[in-house]
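My structure is below; once you've seen it, I'll send some questions.
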Amino acid sequence: MGTVPLLSDDALSDEAHAVFADIRATRGTDYVNNFWRALAHDPAQLKATWERIKEVMAPGALDPLVKEMVYVAVSTANSCSYCVHSHTAAARAKGMTDEMYAELLRVIALASQTNGLVTAMQVEVDDAFKA
Amino acid sequence: MGTVPLLSDDALSDEAHAVFADIRATRGTDYVNNFWRALAHDPAQLKATWERIKEVMAPGALDPLVKEMVYVAVSTANSCSYCVHSHTAAARAKGMTDEMYAELLRVIALASQTNGLVTAMQVEVDDAFKA
Amino acid sequence: MGTVPLLSDDALSDEAHAVFADIRATRGTDYVNNFWRALAHDPAQLKATWERIKEVMAPGALDPLVKEMVYVAVSTANSCSYCVHSHTAAARAKGMTDEMYAELLRVIALASQTNGLVTAMQVEVDDAFKA
Amino acid sequence: MGTVPLLSDDALSDEAHAVFADIRATRGTDYVNNFWRALAHDPAQLKATWERIKEVMAPGALDPLVKEMVYVAVSTANSCSYCVHSHTAAARAKGMTDEMYAELLRVIALASQTNGLVTAMQVEVDDAFKA
Amino acid sequence: MGTVPLLSDDALSDEAHAVFADIRATRGTDYVNNFWRALAHDPAQLKATWERIKEVMAPGALDPLVKEMVYVAVSTANSCSYCVHSHTAAARAKGMTDEMYAELLRVIALASQTNGLVTAMQVEVDDAFKA
Amino acid sequence: MGTVPLLSDDALSDEAHAVFADIRATRGTDYVNNFWRALAHDPAQLKATWERIKEVMAPGALDPLVKEMVYVAVSTANSCSYCVHSHTAAARAKGMTDEMYAELLRVIALASQTNGLVTAMQVEVDDAFKA
């Protein structure tokens, strides 16, 4: 129902096939979700996006679960339904408990609320907050 | 320059004064930032908002620094300039290092990018992601 | 500081001049705010926009003040700083009291909050709500 | 199909059960819509949200129908599909006629349009609009 | 499933009927898509919107295909699912090839990404960019 | 005034210095705008972003001016003030005339308007638009 058909494995270009193989190996599952099957129409973009995700979402100064929760937060504020679904599932797979999820929702709700208040009142930035 | 003047301490109602006293005691500083000085025009809303923030942002299943980073993420996606400034400052005050901040920015950038791609292609949600 | 210079009266085309005259007559003031001075670079768009505003914001099934408050709400959610300022001023000029404004802000804050919650949880629309 | 299952009445905690009872009593109907059934996973958040809605949406300086229309406006600009559906239904239940709804849509459309124009041209805020 | 029922041809007012006739004549097809069938509840708004679209989307300094791609870009950033679908279809009907579409998606993705970065860092506008 | 100080040339890391040199050579000017000076705090992100921009914005199936106009459209809908300024300037540098700009603004305004209408009415996607 998207603007492009989802590509099945046998419709992939060689370059897209290689990316799918890496997705499967990295994630340890044969399942490749719809985002990649849509993006596979542009193998160069597919490859660039996958490599960026692999790099950015890897453990670093922030742990991967924190990164997934940030991803859910951005996707919610951007009203990206698919992204909310896929990254909430990813956060759970990385250990997000029901308690953590409830707190994440509370912070998203609170931030949305105060964002609205601040924008409506056009509050000036305090000098103390400027770098 | 906002839509309401910022209230100085001597212009506060008694109810607003009590909230400011609690903000100062809780944060251990005399400084009260502009958001509260704008919101003080509606003491009931001021009180409700401050109490909610105190409760939601407290340590729990997620630590306060993670919550501040989620707050920055939501505020960025909502284009709330003041909120980005104030919660980035708060995250730093709670221990966000330059490395953590750089990673936070990378996740925000990546999520924004894939949100755009997914929405443009209107990718259908995988059954596997539904609760 | 915008992307186009603001046009002073003596820089207006004849068509733009006529629109400015109607703005002044309709509003009963000589002051023409910056939005119109920016838009005046495209007199046809200026005219179409002004005529639409005059028609849509006129008294009807909803009174003009309610319309201005709805305008503030949309502008806030769209993070349009100029629009929030100008329509908050317009709402006040049409009789919005401090109490009404405080309630407007509460509704905007509440709606922003529950919008965030609903989008994060991807709640399905009840059959009862469908037309 | 959300990120959390909707809770039926017999799956509710005692605290959530009490909130549902108050929703039913306040609204004079046995029907509890999906938002509350999703939120019921976090009874404290459920209670806080319901109490805030009851308070904010009550008659005051603005009448409840005006508040519902503002709610629809914010929800539209935030692209919250569920919220648009539920608050449009609520506005109708509170007396929004077809004529009022048509005017509401016109204002939302007009505000969206001028928000886009203003942001694209980055119009500076007039001094006259600053508090 | 919308907030208003879609009007079939025999439910149209005379004014709406005339607009539908012009849509059909202009586009050279009997098919009238759902947007117009929803908007037809407000014949004056229907007429104003259709006439504006006909004028704005016509060939001019920009060709119609470029305009459709800009429309897709705005609709994506505003998370308007219907609009993304209808204007992507329109762009294809006006000659957008798979290669052009892939490049459009890349620009949308890139702009979304740098928008997020810039907003998160609150970068000051260079004097060189001001009009 | 951002959340990070802008780096002057003598504060750059070697990796950031190399990126700046490439920006200067590619653009044929010594001027490096603030976005890059903010991003230079994370040389890896700086390099990845610059290389992506160079690649995506290059001539291809779409010409670079069309890409800049799409960039302006996305940045406007995302309320990114800096991005609107910088990409409007870039579009002008690539040949956008006043007439083209006026038409771009009209399309952005129109799309914003119909996005609002469609979302408010929750119009169902026509089967004809699905891929």
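A, B, C, D, E and F label the chains in the order they appear, each numbered from 1.
Keep this in mind: a contact is a pair of C-beta atoms (placed from the backbone, for glycine too) under 8 Å apart; a residue touches a chain by one contact, two chains touch by 3 or more.
Bear in mind that the values here come from a model prediction, so they are computed numbers and not experimental data.
J.: By label order, what chains touch subunit A and subunit E together?
T.: Chains touching both subunit A and subunit E: B, C, D, F.
J.: Can you spot which option in A-E, A-C or B-E is basically D-E again, with over half of the contact pairs the same by residue number?
T.: Selected pair, repeating D-E: A-E.
J.: More than half overlap in residue numbers between the two sides of the subunit D-subunit F interface, or less? Answer same or different.
T.: same
J.: When the C-alpha atoms of subunit C and subunit E are each averaged to a single point, how far apart are the two points in Å?
T.: 21
J.: Averaging over Cα atoms per chain, report the distance between subunit A and subunit D in Å.
T.: 27
J.: For subunit C, give me the residues that contact two or more of the other chains.
T.: Residue numbers touching two or more other chains: 1-4, 45, 49, 52, 74, 76-81, 84-85, 88-89, 102, 104-106, 108-117, 119-122, 125, 130.
J.: Help me check something: in the complex, which residues belonging to subunit F touch subunit D?
T.: Residue list for subunit F touching subunit D: 72, 76-77, 79, 81, 84-85, 88, 104-105, 108-117, 119-122.
J.: Quick one: in the complex, what on subunit B touches subunit D?
T.: Where subunit B meets subunit D, its residues are 1-5, 48, 52, 125, 130-131.
J.: Report the residues of subunit B in contact with subunit F in the complex, numbered from low to high.
T.: On the subunit B side, the touching residues are 79, 84-85, 88-89, 98, 102, 105-106, 109, 116.
J.: Which subunit E residues qualify as touching subunit D in the complex?
T.: Of all residues in subunit E, those touching subunit D are 3, 41-42, 45, 49, 74, 78-80.
J.: Which stretch or stretches of subunit D touch subunit C in the complex?
T.: Its residues touching subunit C are 1-4, 6, 31, 33-35, 38-39, 45, 49, 52-53, 56-57, 60-62, 66-67, 69-71, 73-83, 85-89, 97, 99-100, 102-104, 106-108, 110-115, 117-126, 128-130.
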